[in-house]
């Protein structure tokens, strides 16, 4: 069967993603109480997973879920499925509306993707920039703003690395080179620190990058293991992206928006 | 004045670091109630900071603290000082005692340090390995084990990057290469994922690396800015490490121990 | 129009309360991940509230919600409606299944209700007993078990008082009389303390009482106030219980079950 | 030996209660970072407790601590000692300074104490009033302001009951009587609800009462039990108050101040 792929997003799924609001909205405005919504999964094809009961795919969370809970729903990746992030994107859209009131803007772009090999998948690196960020947001020991952002990014499925400002390259720089020199308006001539000092924003743009591995569901015969320890070769069904990076950039922005909105409110900012 | 440096730790400070326990201990055993301790700072030299009132050093959190709190104690780096981490190391020592009951072992080594240039400072990269980690520890969406570790590491002063398993390199690998192939005992032939799948440990060693920038306090004339926006050249006193990486490795292990002990207990493990 | 009242529950509502599970269940078993469910409100009659936009009823939370959020959905009592507690009862049913594994049993009975006057409502007092409670559950300072129970009970709509063991009467007793004398099996001859000492269960039954005021929606002409400060006389529609106490006893048990289940898990108990 | 008692506070202890600030203060102002302080216990007489190792007093938390932690420090009541509340009173003093900025005033008075019988102890009831409370503070489901206050009060040693507004008496009132009638300025003619509706303050004074049992340490021969189940008659030493109610009123105010300050900040109020 031919697999149709969406050129932009690299996904064979048809996901209308209609949101049904259950609570917290009245005449188009939020009520201050929890905004609950449902995104029904219209395009369920559990048959794709029928031969996966009791079988652990490589590179997936099948085995770890069983180790954690001693029970698992085999119909799809469950909460480890990237579909879980739809709720984050919806929440992030609300957070962005709040951030707009403070003129804070969040953008992302793809720094790098792996090569696209036939019948395989690729990962990549996404950079995110938070502009018009006020100084003084975050906390000095617990809840450092960079730690909050790192946790938010590493919580996105398939994230493998996080760096802020000059990041891993900073480990090679001398202190006199790394420290950002002042302008007289308290901005800095460089932004090696990525906009955060001591866990607190300094008013420069916050810039960070997150690395993601390629999706583990590859349209190839795959060596799985069953829960008795027998290796089984399975042709994986399910519908998985060749390159998830363009779609993941949306999640990066959403998680950044939620994190910054939290930090603003926790630092006492009001509208 | 000649500055004496400890060869191993690269620090000119004399810090006996004697711990006084205030509560939670009785006849050498913890009581289950909070273990409170004080580490008195025996080697205070606030005079070193006397000309820094109202002055923001580059690469330090002086400015961001003022932006956050509108008030600041100028005698030293306050909570942004690496001295703050002494409490983490003491806490980590207790966490390691608990982890030992489960045979979990945490080690670290220095992967790389920057060059040591005269009158300057250098950073580096520290790798940490958690051995004998049981499978099934962590959470699938909120409180993913990799996110908890990332937050713990990025909360260490001067951290700029975090990666787990193959980390940033994984962004270049195809999915069929990245996904770790099974052995029949549920271990894997490679450990590209670094021991965590879907936020939950898989029983392989957890391996991650953290990058740190060089200390910003360099024994050179330094362009600071005062709170009126005037650039001032100051010869920084205070006692700061040439290369803080050997000492920071101890903090990495302590934070890893606290994080893993938390995750074990939150996942319902008992002794 | 004649108002039909259910004799047992004292309510004119027809609430089939069908529960639709959205996540966390597979083949009749919980998966360890969040158990989400929807209870659709089949018997909505928003028309009853059409003349209440911008009007604050006495004894209701209409005014305080506006003071808190500056916006309010006038169709019913919103989150202050006792319908909100249906979710607590459903959650409590799950908690009771867990408690049954530890043989812990929660029961309640009505100690007292107010007189039932024509065209008016009445309140009452509910006693709850937790039997087979193991000793050693709870915490000594923060999260005392009695404080957790008090917060759970006072969080039920229309609660006005909470007391444990001999409660308010204990304030009149001398210390030598109040302190429960030991039996040789560590049970006590009396249970004035209600099963909790220093925030921690002592193995005796936990016994407490909660007082509830009568429902404020009375089928009489009612002096409301609009948001301009004008007093308005309104004949309140909506369907409200004459005596909510029998139905509230179910909520008391549910909240007790959730609280005790939490306390068991937080004290390290496993199955 | 004659026991000297302070007339006002009814205590035989000499407690200078000198506070040593460890962090968070600079030149008489708080820094926004944790305000840590030590109150050294100058008047320790552990000898009073020397015959109490492995012995459980009636009405005390000795047995429950052992049940919870399997280890206990026998030198005094530990965290169950009312001395623990000194930290709450110090914290409450800071919270009161914050509340003063919003003109919120917290007062308490003793409603009732038990009779003072020779060689015995007595309890009582304390009423607390929070004046100038703004409307709109608190939360509708989790973190209801009345639930927060109930938890705070029931967390004070020896608390046995809590009621707000008309409290337990409200259970006897009809709904038409209970519901507070409006004045045209949104105040109410009565305050049966005690200033909170649906978990949120309504701008009327918040009024609640807390009941406390008498202290269990009575200067009489006392039947204790050892950890082998043997009843032992002990003449209790230690220094305990005849009537702790005057001292406990100070704790009531402190806990109320901490709770209201929390609720103000959580509801988004700023200075």
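The first chain written gets the first letter, and so on, giving A, B, C and D; residue counts start at 1 in each chain.
Convention: contacts are C-beta pairs under 8 Å (C-beta built on N, C-alpha and C of every residue); 3 or more make two chains touch, one makes a residue touch a chain.
Only a predicted model underlies this, so the values are computations on that prediction, with no experimental measurement involved.
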Weigh B-C against C-D on C-beta contact pairs and write down the one with more. C-D
Looking at Cα centroids only, farthest away from subunit B lies chain C
Nearest whole angstrom, what separates the Cα centre of subunit B from the Cα centre of subunit D? 39
How big is the gap, in whole Å, between where the Cα atoms of subunit B centre and where those of subunit C centre? 45
Geometric centre distance via CA averages, subunit D-subunit C, whole Å: 24
Among the residues of subunit C, pick out those that touch two or more other chains and give their numbers. 33, 68-69, 78-79, 140
Contact footprint of subunit B on subunit A as seen in their complex: 56, 58-61, 63-65, 67-69, 78-80, 84, 112-115, 117, 120-125, 134-138, 140-142, 144, 146-155, 157, 159-168, 170-176, 178-182, 184-186, 188, 192-194, 196-203, 211-218, 220, 223-225, 229-231, 267
So in the complex, the part of subunit C that touches subunit A is made up of which residues? 22, 26, 29-33, 38, 68-73, 78-79
Mind pulling up the subunit D residues that touch subunit A in the complex? 33, 140, 268, 270
